[in-house]
Amino acid sequence: MSNAATTEEFPGVAALIHKHLPKAQFVASRTSNDVDIRTDPAHLIELVEGLKSRPELAFDYLRNVVGLDMEAEGLEVKYHFYSFAHNLHVQVSVPTPPGNPHVPTLTHLYAGADWHEREAAEMFGLVFDGHPNPKNLLLEEDLRIHPLLKAHPLQKVEILQGIEEPTPGFKF
Amino acid sequence: MSIWPEERVLPLERDGLNTVDMTINVGPQHPATHGVFRMVLTVDGEVVVDCEPYIGYLHRGLEKLTESADYRQAMGWWDRTDYLAGMCCEMAYCMAVEKMAGIEVPERAEYIRVMMAELSRINSHFMFLGAFGADVGSFGTSFIYAWRERERIYDFFEEVAGDRMFPTYFRPGGVQMDLPANCESRVRGLISSIRQGIEDFDGLLTGNEIFVERCQGLAPMTTERAINWGITGPILRATGLPWDVRKAEPYSVYDRLDFEIPTGKQGDIFDRYFVRLAEVYQSTRIVEQCLEQMPGGLVLNPDLPKTLRIDKGECYIRTEGTKGEYGVYAMARGGNKAYRMKLRSPSFSNLAALKEMVVGSYLADAIIILGSLDIVLGEVDK
Amino acid sequence: MSFGDPFFGISWLDAIIRTVIVVLVMTVIVVYLTYGERKVVALFQQRLGPMRTGPWGLLQGFADAVKLVTKEDIRPANADRWVFEFAPYLTFIPVLMVLISLPFARDWGVRNMTLGMFYVFAILGLNIVGILMAGLGSGNKYALLGGVRAAAQMLSYEIPLVISLLSVAMIAGTLNLNAIAGLQAHRPFIVLQPLAFLIFFTAMLSELHRAPFDIPVAESEIVGGYFVEYSGIRWSMFQLTEYASMWAFSVFGSTMFLGGWEYPKGGDWGWGWQLFLTFVKSGAWIIAIMWVRTTVPRLRIDQLMSFCWKVLLPLSLAQMLMNGFILVYGWPQELLTVTSGAGAVFLFVLIALVIRRPKKKTTLLGAYRQGSLPSGQGSAP
Amino acid sequence: MALNDATPPQVKPYVPDFGSEAERLRPVEIPEARAAYRLVLPGVMQVGVDTVFAMSRKSSLWPMTFGLACCAIEMIGTFMANHDLDRFGIVPWPSPRQSDVMIVSGTVTKKMAPAIKLLYEQMPNPKYVISMGACATNGGPYTEYDRVLQGVDKIIPVDVYVPGCPPRPESLLDGFLALQRKIMEEKRTVG
């Protein structure tokens, strides 16, 4: 599978990516079971186009898009790519600076990115620049809430039991 | 009579006839939407010219709630995602927690897990077969045939784990308790009745001329388009690509089991149906092998701490759910709760491609195309 | 009482009394048809069916009827009032008028019409008007689709239906239903005309909106079709129409092809025996309809139309042409059986050839057991 | 390469905007119901008519084909051969106009609530609601999440609550029997 030497700097599949995309800027590390490469929003499209188009890599399948709220460090997006041809898996992390959660969209490369990005956008308030249909997917269309942010509270059971008054917006 | 909204009254010129497109709202309450899915179809006569899917009517905060509860408490929400096959979801969740915490699972527990997950898969596929027959219009008979086997499997689940649908039988580090004493003969009886059920479906639907005429050549999908949309599971395999997470990236003890990956050729509706029917048979083979190979010993890791705390961990677990790749992204940053858990549900990605398949078909076909995707709204909407 | 001597010597009073009797009997029969359908379907589906309402659920139909009558009658805000409210009656009246001409025994019927068959054709066409009105007047798109589908389907299938019956009328030499039944004392017309029988049965399923032609009322597509917005008593009129027309068609069909009140081996033991024969023949006809319904999926609208215009219509015309040759030249009647049987075989062959069936039918398990499928290559047709 | 270096953090505080949600979740208005069944023979045939009506109503409860979530699977299971609700005269019907009972089988989210209200209003009187499972009753395990309605009785009146997560088919059967008892008991007061 991986015919490039694995090093401390480029573990596992990252070595292969570095070999075939030497210009790509990323920092590689290991997660519990995979390899994670970190890049920034400005270099994302370039990296992903390389990952998809190089026949030695051929990451043609976008498995998953994860939004993350890292609180003080800002929002983060993680992509999981898979290559059917070479049975490779890689995770790409894209941290965004606090207050500026803009990430370029991948919908022109992967059709399946459409709904995944809409979901991450509404759940975290991420903005996917260039998305063709940036509407709410799971929530009602006129809502502007981001439930998966750590700042968004859960309803208390006490409200349900009538012990406490509900906050505005949650009551009906 | 205001059937048509104002802006659509302008007639469109098509083939020399003045026609008006009509929008039809299907769902969220509709007998054929398999839950609370909604799509707005624009039809020109009987032909669908546009389709816009709306989801989220069952969005109930799985990921948010998981962040608020202990690792063991949160499992109850996860087996309610794919509520036709709760055990497959439990397996993915437990694997994510085990991977982050570095917990070993006893071998007997792995075999029990695989066996239960495969029985869940059979359960889910039978639900598809029954519901699909009803979508095509066989008046509930296929449903009843399917439910006969499903009830037997549910009875077995109840005997083993104490609940029919959501037993939360798996634990991080094994399974809750050992199998009952008469398990082997029960499972063998179950398998023979399931195989009888497959033959019944073969007789009821596969050999039916009208069914074949309705399904063959409808909404064909190429492998390239399917991959681009992120479609996995039986729909991808129906296009001819023998890709299954159980074979490609084996987890648990699947690498020790012998089974085949049924594939189709054109990726049409009939192939999807047939691939699922064949998968039921493969699952019965896996269950048989689990029974044969099952070692003795403990079923739960004895070294587990009382409260599971994970300082740091990040993983993306992928398993073969019943509808495709069921992935769990998990991240821990200390404490007894997950910092973030994200479900990559197969139905979500498969459903996104609905528009491409539906546009250009007949209205009646739109229903069975949706049925052939075999969506479960619990995992689409999370 | 026979057709000859009216009650009290007054013709119109006689007609009214006979019609009232037929309507009352029809209502009871419809109530038990709904019960019977649920029981038959339950039998095919390994269930029990209604059991708790009366002994073995025998009162189920009455409970449903009383409940429907006492339900609220809703008219949607955007419905066209008069069209919406009159549609159920306009669908029901043609069926009632058909019942007037049917012979239930040699002398039992409302009117013995000389042109009975022609009358039935003419009246049945009116059914479409009510259905289309229901579809248009409801202000609902599902209802509109159902109404339009029903109109297209019923208009198309009426042609092979009528032509297949005409070929029977050619042999009988009369359009009087009572006389046609009387001609089948020793040899029912199904023996002479199997192809016409098959065409009639198929077209009848379509006219009745029964599976596999239940496209206008498809539950999983358009949620019931043209009557989706009706509730309470108006909706029960549609239900009444559906079952009454099923009963009327089965009596009509058994008169035309199975000999009606005439025992096929000859022999006649009075009106009770004749009524019993009618009951048995139409009952078998109805159970056949229900059997088809529980086992067969639904066709699509274009397949339905092409089946009508490309298969049924040419074959029924060919049947009529063959009958014409045989009857005009006075060839033996056995030739009718031969030619029509050949046509029926041709119909089956045509269906078998046209439909793209899977190459390996029902060999999935066999293939796996023999190990003939290579791994990863699977089993698709 | 540098990550997160460009802009100084200008984080706005998170203020959720709920749009017109309060309006969407207003409970259903129940007018002074004047169903046709009350107008039949007022005061003429006092004895027995209401009993007959109530008996026929309870023997022919047609639920709407309408599944929300996990409980729908058990609801379908109750209609199937093992538990066969058809024995009681209960057959599912696709259109709300022809059905008598709404089985709210699963989690009611705030996005789904207006649709449920509409369906309830479309059903003809007399109509009944069975709240099936913990989620429909009070939100169940999802009650803390704010997109989930804490019980369907916040928007429509409920006749019978069936506990369980999901309830077994036998529980739903018991719910139907309870509804039948209720119909017989309230025949004098409601009609």
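Going by the order they are written in, the chains are A, B, C and D; count residues from 1 in each one.
Here is the rule we go by: a contact is a pair of C-beta atoms (placed from the backbone, for glycine too) under 8 Å apart; a residue touches a chain by one contact, two chains touch by 3 or more.
None of the values given here were measured: they were computed from a predicted structure.
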Pair joined by the larger number of C-beta contacts - B-D, B-C: B-C
Chain closest to the middle [Cα centroid of all protein chains]: B
Intercentroid distance (Cα basis), chain D paired with chain B, Å: 27
Centroid spacing, where centroids are CA-atom means, of chain A and chain D in whole angstrom: 38
Distance from the mean Cα position of chain D to that of chain C, given in whole angstrom: 37
In chain A, residues with contacts to at least two other chains: 139-140, 147, 152, 154
Interface hub residues of chain C, defined as touching at least two other chains: 45-47, 219, 223
Shared interface positions of chain B, touching two or more other chains: 30-31, 56, 59, 61, 64-65, 68, 144, 148
Graph class of chain-chain contacts, one of line, ring, star, complete, other: other
Contacting chain pairs - touch in the sense defined above: A-B, A-D, B-C, B-D, C-D
Residue numbers on chain D that touch chain C, as the complex places them: 35-37, 40, 52-53, 55-57, 59-60, 65, 80-81, 84, 86-89, 91, 94-95, 97-98, 100, 122, 124-126
Touching residues (chain side chain C, partner chain D) in the complex: 38, 42, 45-53, 57, 59-60, 62-67, 70-74, 219, 223-224, 228-233, 235
For the chain D and chain B complex, residues of the former touching the latter: 64-70, 72-74, 76-77, 80-82, 94, 96, 106-107, 109, 111-112, 115, 119, 135, 141-142, 144-148, 165-166, 168
Residues of chain D that touch chain A when the two form their complex: 1-4, 6-7, 9-14, 16-22, 24-26, 110-111, 138-139, 143-147, 150, 154
Parts of chain B lying in touch with chain C, wherever the complex brings them together: 1-3, 22-25, 30-32, 46, 133-141, 144, 148, 195, 198-199, 202-214, 216-217, 237-238, 242, 260-266, 270-271, 274-275, 277-278, 281, 362-365, 367
